[in-house]
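These notes open a run of structures that come right after.
What follows is chain A paired twice: with chain B in the first complex and chain C in the second.
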Partner chain A sequence: MLNILVCVKQIPDVDLVKMDPETGNLIRTGVPTLTNPLDLNALEAAVQVKERYGGEITLITMGPPMAEETLRECLAVGGDDAILITGRPFGGADTLSTSYSIVMAADMKGKFDLIFCGKETMDGATGQMASQLAERFDASQISCCFTVDEIADGKVRATRTLETGKEVVEATMPCLITVEKDNFYGRLPNLKAYLDSKTAPITTYTENDIDGLDLRLIGVPGSGTIVPKIYPPELPEPGQIIRTGSPKTDVSRLLELLAEKGSI
Partner chain B sequence: MATYNKVTPEIAKRLKAVVGEKRFYQGEGIDPNYSHDEMPIYGKYMPEIAVDVETTEEVSGIMKICSENKIPVTCRGAGTGLVGGCVPLPGGVVLCTRRMNKILHYDMDNLVVRIQPGVLLKDLAADALAHGLMYPPDPGEKTATVGGNIATNAGGMRAVKYGVTRDYVLALTVVLADGRIIELGKTVCKTSSGYSLLHLMVGSEGTLGIITEMTMKLIPNPVCDVSCLVPFRDVDSCISFVPKIKLANLDPQSIEFMDSDIVTSSAAFTGNPIFPETVNNEEVGASLLVTFVGTDEEELDQKMIKLGRIAEEAGAMDVLVVATSSNKKAAWSARSSFLTAIEADTKLIDEMDVVVPVDKIPAFLIYIRGLGEEQGIRIRNFGHAGDGNLHIYCCSNDLEVEEFKRRVKVIMDKAYAKCAELEGQVSGEHAIGHAKMGYLRESVGEDVFRLMGEIKKVFDPDYILNPGKVCDATLVR
Partner chain C sequence: MQKSDYRNMWVYIEHDGKTAAPVGLELCCELRKLCDITGDKLYAVILDDLANGEIDKVKDCGVDGVIYVRGTGYEYFNTDAYANAFTVLSRKYNPSAIFVGGTINGRDFAPRFAVQLNTGCTSDAMELEYDPETGDIQFIEPAVGGKIMAVITVPELRPQVGTIRPGTFKYAPAGRRDEIEEIFEEISFDPDKIRCRHIDFIPDDMDPELDIANADCVVCVGNGLKDSEHLERYRTLAKLLGGKIGCTRPLYDRGILPYKLQIGQSGVMVKTKLYLSFGVSGAVNHTAGVEADVFVAVDKNPDAQIFNYCDYGIVGDMDEVCDEMIEQLRARGA
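And then the complex of A and B:
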């Protein structure tokens, strides 16, 4: 039976997050949250593997207590077990300390044959977590996975999407896989699973519950990077519609404007 | 159709004086889109003049000039109609309300909003939501104007629970054909005060007057909602489930029907297969998307549990839950894209939006599919199963236009006859325009059609308002 870990993250709805122009901070208050969409693609890939080869899917996330919502959403569509890492000391973590915390918490549950991740999150979008986790789990890594073709004899064979085509690769397990979304659209939960997920037990770890956790390596102290400033990109000037009443005068006006700007 | 005068340079000058130079268009300056709506198969007709109006007084000014000179006037909103309703058949003037797009005033004590007709449905819905309120009518085309929705009495997905646009119109400011301005209705919950000209104006498609302001009823926004997708092996068992939902007292907000073809098209178009084509490796024949609203999650869970129980008894393949914001967004954007998805992979398209008693939906769909096969025309359909309103599209990528029209006419003639046999109506929510006028006449009979014509004549004795639409009165004189 395969032991599968799927890493997920609750993020603010990035379409609704605004930035405080004075402080450069993201205004998250009152913004609805959602599960990082690419993580749901990773979960779907894991569920397809479970359906084909059998196994158990453990979900893991780090975040505030409300991140439990994301775990329940994922339990409803195929997760079997869920771990929430939460507590103030984990706050402000960059990818270095987050990957450390996740691996330490996952080790509490046991060893995993396969680890699935979204290739990045929609809020941070560093794309660093998967590789850091692979390193810390001492796992091989398959990125941009298009299909998981075969799992046998301790190896995974998968097809990767490249800019120029496809590539078939084989990796030994444990193996961490990030997926392309096209083949792994998340499924809707059925009613029973949805209702069951609401009361399913969730293992919650604080900094005091994880064996061997070095507090100097979590949260802000464990972070290798700081973000001194965030600012929105400068937007180009909005376009203008020329509508003078006739195509002929429209073109004349366009030529005038282009000449004014020195484009012609 | 009546005969009309052409717009002379002198008349054009007077019209231009009403709206000013920047909102007056003539000849090549007229947006070519003003010659058609979203169903160009019904022909393209350019107006001589187009004006963008901004006030009731401007509309009145335009109408006075056109009335004095017997110039036809076709009112147009966003042009999202599907029956050629806003197309200027005899030329004349197109009067576009798209710039009358202001939300004027909320009356939070009476839960109403006063708006101009060019406000887009999506903008009213979003603005009401920002006030903690909901504008219940929910037609699929969110970029339609609310004025257009009133003119066609648009329905939409939530009609099952909340009714249609008509039910939310409390008062209207209307400019009559001769330019007089009248007020219809008041901000009251009920009225028994003579003939309801207000309700006559709703659904009159710009043939009786031009709506320039309206007071719309709103409701408190429901706290939470959830949708369930209920897949079935075939259309028959799918539709048979609809009355069971109602009888179970589940009070759904909407019950949408989708067959497997439209689900496949939509998935290809949006790139997001949110609605499954198979369940447990078995092919889905048709599905219902049932939406509930409530005050808390517990209430919705109880409704879903009950739905699950009756769905199982009815042979549903499963009950899937659309609960997260991402899934809701994906599901409703897929549902809203059905028509666009059909249009995207079709060169020639014609449509009908009949409404039949709910239990007659399978019989009608089976019949129409048979007609499609017989005529070599691809049929796509979806609709509001909760109220029996079906959107049926005849599509072709291979036929020449004239041959397509010929074959579709055979289908339409037979389908509308079948609709009448099943005690249905010609249009559920897209209205009549000029495309369905003949079928309306057959459906309602000569006496009723004549009465409609007489009413038209009272409001518009020179037939200058949107000529050739709904019930061309000149046909029954």
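And then the complex of A and C:
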């Protein structure tokens, strides 16, 4: 039986995050959250593997207590078990320290044969977490996985998407896989799984619950990068807006201008 | 060691033996400028054999040195051997920064050696600046869906690791230095210990409609598109203009168009004569991927950021404007 871990993240809806022009801080209060879409593709890949080979899927996330919502959403789709890492000292972490916290917490549950991750999150979008988790799990890694072709004899054969083609690779387990979404569109939960997920137990770990956790390596102290400053992008001066009164005349004017420029 | 003891900047030259990927050369060109400010030396790092003509191209980008790594384990890209090479080299030479092209494989192994070296890693910077007070590189990149620019630094640890997307910086060789230091290193990785190994490569079929990087005209459709049924008119318009269709990330995310048509920092960088955007909001991540002689924007939101990037803009319903363009172009005999 395969022991499978799926890493998920609850993120703010980036379309609705605004920046306070006075303070330069991001306003997240009241901004709706969602499960990072690519993480749902990773979960789908894990569920497909479980259906084919058998196994148990553990979900793991780190975030504020409300990140539990994301775990329940994923439990409804196919997770068997869920871990939430939460606590102030974990806050403000970059990928170097987040990957440490996640691996330390996952180790509490046991050893995993396969770890699935989304390729990146829509909020941070570094795309670094998976490789860093793989290193800390001491696992092989298959990034941009297009299809999981076969799992046998402790090995995973898979096809990766590269810039100019597909690469077939074979990796030993434990193996961390990030998926392309094309073959792993998420599924809707069935009613029973959905209802069960509402009351399913979730293992919650604070910084005090994880064996051997070095507090210097989590949160801000454990981070390699900082963000000393954010600012709105400098925008060029607006171009010429054509306002002639109707779409017909606007287009006609535009085509004249483009013809003058030799563009058409 | 103090962080000031770490000196010099490295660029990884990704290659397939015959050709160096353009991003490595682009990074050498950009970092030449940064090293002139910081006083660091710039080294290109080449794993395994690369054709001499290509090494010449690297040298022409103004590098102060080239580090050649030879040994077992590099025949095909694999995370284990490639990450190990940089960890071993970095521990020996203590560079201040290591830059890796943000290709799929570059993004695969760079964050991994950053953990091995216990240091900070950044991705997708669009500008690089130097803060002489702290001695840190400022990696400036769009964040939160392109709404803000974030300055990211590695304040204590070294080396500073950054992956940079292809096409972010220009290939403009500064010319060859009189003296180029050449360092030869033997670092072997036992091929039996490679945990994810290459079995086969199947090149994509070349579909000319998916090759938009240098199309004369690109019609880009954004998230304003209602659904895939509304897409056909944009194909028609592209055809009339002798161009090709492209899209922004949300359309790929919605499964309407393939990834190869996604224009922007995390997709294709396009260089075109005429660029027409329909229903595109104008996030920095997208506009960073567009170089156009003439840029036309159509969107219903008069405050859309896209109008800051256009030469000509029309505020209106994207479908209606597209239909009108088709009709008038046909009337003109296009």
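The rule is simple: the second predicted complex is superposed on the first by the 232 of 264 C-alpha atoms of A that agree within 3 Å, B and C clash if a C-alpha of one lies under 4 Å from a C-alpha of the other, contacts with A are read in each partner's own complex, and residues count from 1 in each chain.
As a convention for this text, a residue touches a chain if its C-beta (ideal position, glycine included) is under 8 Å from a C-beta of that chain, and two chains touch if they have at least 3 such contacts.
Quantities reported herein were computed from a predicted structural model and do not represent experimental measurements.
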**Report entry** Contacts of A:Pro189 with chain B and chain C, given as first, second, both or neither
**Finding:** first
Report task. Classify the contacts of A:Leu215 with the two partner chains as first (chain B alone), second (chain C alone), both, or neither. Result -> neither
Query raised in the report: So, A:Met66: does it touch chain B (first), chain C (second), both, or neither?
Result: neither
Report task. Report for A:Ile27: first if it touches chain B alone, second if chain C alone, otherwise both or neither. Result -> neither
Query raised in the report: Just chain B (first), just chain C (second), both, or neither: which does A:Ser263 touch?
Result: second
Query raised in the report: Is A:Leu162 touching the first partner chain B, the second partner chain C, both, or neither of them?
Result: second
Report summary line: The answer to whether chain B or chain C touches more of chain A is C
Report task. Look at A:Pro247 in the shared chain and tell me whether it touches chain B only, chain C only, both, or neither; answer first, second, both or neither. Result -> both
Report task. Figure out whether A:Thr35 sits in contact with chain B (first) or chain C (second), or with both, or with neither. Result -> first
Query raised in the report: Of the residues on chain A, which ones does chain B touch that chain C also touches?
Result: 37, 185, 247-248
Query raised in the report: Which bits of chain A are touching chain C when the two form their complex?
Result: 14-15, 17-19, 26, 37, 94-96, 99, 122-129, 131-132, 134-136, 139-144, 157, 160-172, 175, 185, 223-243, 247-248, 250-252, 254-255, 257-258, 261, 263-264
Requested in this report: Using the touch definition up top, name the residues of chain C that touch chain A in the complex.
Outcome: 79-80, 83, 103-105, 107-112, 114-116, 118-124, 142-157, 195-204, 241, 253, 255, 266, 273-274, 284, 293-297, 302, 305, 307-317, 320-321, 324-325, 328-329, 332, 334
Requested in this report: In the complex, go through chain B and note every residue touching chain A.
Outcome: 25-29, 228-229, 272-274, 276, 301, 304-305, 307-308, 318-327
Query - Footprint of chain B on chain A - complex, ascending - result: 13, 32, 34-35, 37, 40, 73, 76, 185-192, 194-195, 198, 244-248
